[in-house]
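There are two complexes below, and they share chain A, which is joined by chain B in the first and by chain C in the second.
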Partner chain A sequence: MSTKKLVKFISYGALIIILFLIPLVITGPYQLHILIMAGIAVILTSSLRLIFNSGQLSLGQGGMMTIGAYTSTLLVMKMGWSTWVALGAATATGALLALLVGYPFVRLKGIYFSLVTVFLAEVIRLIAEQWRSVTGGSLGISNIPPPDPIKISGLLEISFTSKVDFYYLILVFTLISLLILYTLEQSRVGITWFSIRESDSLAESIGVDTTKFKVLAFCIGSLFAGLAGGLYSQYNSVITPSTFGFFYAVYVLIYMIVGGGRRFSGPIVGAVILTFVPELARILKGYQPYIFAVVVILIIIFMPEGLVSMPDRFIKLVTERRGHA
Partner chain B sequence: MAASIYILVALGLTLVLSIMGIVQFAHGEIYMMGAYGAYYFCIVIGLHYLLALVLSTLLMGVAGIIIEKIFFRPFRQGDFLPSVIMAVGLMIMLQTTATVSFGSSIKVVTTPFHGIITIAGAILSWERLIIIVISGFFVVVLFLLLRMTKIGQAMVAVSQDMQGAALQGISVDNVSSFAMFLGCMLAGVAGGLMGAIFNLSPSMGGYALMKGIAVIILGGLGSLPGVVVGGLILGFIDSIVPPFMSVQMASMVGFISIILILIFRPQGIMGRPSQ
Partner chain C sequence: MLEIRGLSKYFGGLAAVNEFDLSINKGELVGLIGPNGAGKTTTFNLVTGFLRPTRGKIMLEGNDIVGRKPHSVAKKGMVRTFQATSIFPNFTVLQNIVAASHLNPKVVFWEAALHTSNSHKQDEHILSQSLGIIQFMGMEGVKDTPAKSLPHGHKRILGIAIALAAEPKLLLLDEPLSGMNAEEVSETVGLIKRIWQRGITILLIEHNMRATMSLCQRIVVLNFGKKIAEGSPEEIKGNNEVIRAYLGTSKYAT
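And now, the complex of A and B:
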């Protein structure tokens, strides 16, 4: 058992080291941009899965991202806050909004919950579009400053001027987020969420305050969506109300389902692979979205449990063959 | 006028949802294709607007049958998530098809109906009157179909209990095909009608889908009279607010009131309470 753990530990360590070494090999700004976007998608998809673990499917994460992005941007540009503090504030706003609407929302079950989150995201988008004096209307805000440089005298100095700096920034944030999400899932709270997903009336009957735990899941998921929004705005330097519309939320949902919603690794695999698929099909120009749609549909038809179920299915196939022989 | 379009879109959505258990996210794209169909037959080929509308509506109905067979049949009444993927995949494909074949520039359908008419002091344009009449016709036909005909009763039975209906000898496959046929026809006619008033663009479906979902939630899932009531309320909000504020504000007021209604009455206005 301990050797198995050791192997796991070493392989994850190696993977992380490889991720840190990537910019040495891949130096094109475009390739790095895609990797950065994949990182943001991983944060968002994994946080969506955390909400899903408690049996609720939020389609409003795009709205939470918009809130995070605007909070961070406005605090930096209008109030002159430090970008790092503003990023923290963006993260907090996502969670606060979720807390505010969470109690009434989680009373709704199944598809009703998903749909009110859609409407919430729409309302957020419309506010961002209408409140022109603050948000710049539908054109959004441009020239958002990058994160303040980190200076530890004599040791290191990062000024966030190149894509490589941003790559490391997003990588660090993604890894920290994943670590937090994983720890949460393994904890008692995480197990309680699973019990609510399997049967919320059963969970309630043994004394679980399901409402509280559902709101908690929604808050934590939205917290990371706020963080992802803040990071995106500082990286991209432009933010518009419709950057994270309904479509974005649906894409994130696709990442999660295609990767496999049952496992922690599912959303990560789904987000990374599906961020790359459209890029590989770039030669097809206008027909490019077809490839994405076809790939996604084929995966769901042949692997309803998602991409991460592939090794299991393979092993099962092999052992079954052996059994017959 | 807006209300009648919302009702048409939402009726199609709710038919497919209650019979197949699938939220048809590509419904807005069928609506968009219906509008482009009318544009193609009317402007490119040069047929009369009404004939173009009929052709495009029928075409959408047939497309619905094909879509049901290829995309949705394996996922009927099954897991919610895979069916979402199928619908969204379809949505992306249809949008791409429209962009590739018609371009993303805005198109306009011109109708032979011009001028205005005054009914009891209210001034209406002919185009809008036609929309109201045609959609009213479809709503009445749909209700009669569900009440009076055998296939209509079969649809009601399947929506209440699929297995029970199958045990009574009702072919669930045929009923699903028919539901998709009707649903897509309703979306197609709504698109074709709307195309006569507003501009066409490949992304117009998202708006219709959003309004359609809003209406069925407002009215209560699975309730047809609820759809009509919900559509009227939302249409009323969308026409009463803009003179004071903006169109976007009207949308916002609509969505916020839906959220509020759901919080106090989770099953919608005319829906049955869920277990």
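And now, the complex of A and C:
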């Protein structure tokens, strides 16, 4: 058991070190851009899975991301807040909005919950589009300043002028987010969410305030969506009301399903690989979306448990072959 | 322990439960019987907060619990099982019980989320307690089996085990014997008796008359939402009203 833990610890450590060394090898700004987008997608997909663990599928996380992006941007550009404080505010806004709508929303189950989250995202998009004096209308806001430089005199100076700086920024936030999400999932709270997904009336019958725990999952998931939105706006320097529309939410759902919703690693693998697939298919130009669709359909047909089930399936296949021989 | 006074529930114009009175003392094992559609399960749903009564009073250990949510009723010590098999299908048997024990946490959210030493100690306590319940229910052999692949009888027993893990003072069993074969029935009857001997008060809905008669000291009979009889098994067996409810009026019986 302890050696197994040690191996796990070392391999995760190695993986993290490799992630930190990547900019030494990959220096192209375009490649780094893809990696940064993959990191943001990982935060969003993993937080979507946390909501999913409680038996609810939110299709409104794009809206939460939009709220986060606008909150951060407006606080920095109109109120002159520090970008770091604004990022915190963006994170909090996602959670607060989820708390506000959570109690009425979680009364609805299954597809009905998903539908109202779609509407919520639409409402957010429309507000961002129509409230022109504040949000700049459908053209959005551009020239968003990058994060304030981090200066620890003589030790560290990050100015966020290059893609490499942003790569590290997103990497650190992604790792912290994953750590928090993983700890939550392994905790008693996580067990409670899983049992609600398994059977919410049974959980309720033995003393779980299922409403509270569902709202909690929605809040925490939206908190990270708000964070992802804030990070994106500071990185991209442009946001529009439709950057994270309904299709973005569907993409995130696809990332989760393709990666495998049953395991923690699923959304991470799904988000990273599916961010790369369209890029690899770039030479095919107009056919890019078709390639994406074909890959997704093949994975869903042949690996319904997602990409992360591949090692298990492989082992099973090999042992079965041996059994026959 | 439980006092029900004038409990009524109307679905539209239909009285599913009508002016129902029942009192259960601590340590009793009471049976609730009646033909299909008599309102037995509706009574359970009303008492445990899954449905809101139209009228009536429900007192659990002196506290009015009308309008409370099911989870809050469960925390007060009254836990019910379901007629339809109700388990956490993708968990193993042990995980089912552990989850159920987790779910009545006296632990603060942050403590649980951050794995503080206190919650670690509680985790160990929960594990040993869960293993105890599994042993008590005779499920050691299947403790690592996913619940969904258990045979029907075991699933039903697991349903009861989950309720037990929530540490009830009053246990409401909704047709625990349904769909079981003769052997499973006699096993489960023994189990219910042992649970009762542990000091847990039980209210039992069951269609298996022989089992109900042998288990319960007192039986309450419902028909069309109304209590038509109450008494010892012998009294119930000889009650004309009850015979009529089950077999029809003499006009058709003869």
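Everything below uses one rule, namely that the second predicted complex is superposed on the first by the 325 of 325 C-alpha atoms of A that agree within 3 Å, B and C clash if a C-alpha of one lies under 4 Å from a C-alpha of the other, contacts with A are read in each partner's own complex, and residues count from 1 in each chain.
Criterion: a residue touches a chain if its C-beta (ideal position, glycine included) is under 8 Å from a C-beta of that chain, and two chains touch if they have at least 3 such contacts.
Note that the structure is a prediction, hence the values are computed from the model and not measured.
Colleague: Chain B or chain C: which reaches more residues on chain A?
Modeller: Residues of chain A touched, chain B against chain C: more for B.
Colleague: Answer with first, second, both or neither: which of chain B and chain C does A:253 touch in the superposed model?
Modeller: first
Colleague: Quick check for you: in the superposed arrangement, does A:111 touch first (chain B), second (chain C), both or neither?
Modeller: first
Colleague: Applying the document's definition of touch, where does A:228 land relative to chain B and chain C: first, second, both, or neither?
Modeller: Once the two structures are laid over each other on A, A:228 reaches no partner at all.
Colleague: Have a look at where A:208 lands relative to chain B and chain C in the superposition and call it first, second, both or neither.
Modeller: second
Colleague: For chain A, give the residues common to its interface with chain B and its interface with chain C.
Modeller: After superposing on chain A, no chain A residue contacts both chain B and chain C.
Colleague: Using the touch rule from the top, collect the residues of chain C that touch chain A in their complex.
Modeller: 48, 50, 69-72, 74-75, 79-82, 86-91, 98-100, 102-105, 107, 109, 112-115, 119, 123, 162-163, 165-166
Colleague: Mind pulling up the chain A residues that touch chain B in the complex?
Modeller: Checking each residue of chain A against chain B gives 57, 104-105, 107-112, 115-116, 118-120, 122-123, 126-127, 129-130, 246-247, 250, 253-254, 257-258, 261, 286-290, 292-294, 296-297, 300-301, 304.
Colleague: Any idea which chain B residues touch chain A in the complex?
Modeller: So the residues of chain B in touch with chain A come to 23, 25, 71, 74, 79-82, 84-86, 88-90, 92-93, 95-96, 99-100, 206, 210, 213-214, 217, 221, 246, 248-249, 251-252, 255-256, 258-259, 262-263, 266, 274.
Colleague: Help me check something: in the complex, which residues belonging to chain A touch chain C?
Modeller: 183-184, 186-189, 191-192, 194-195, 198-199, 201-211, 216
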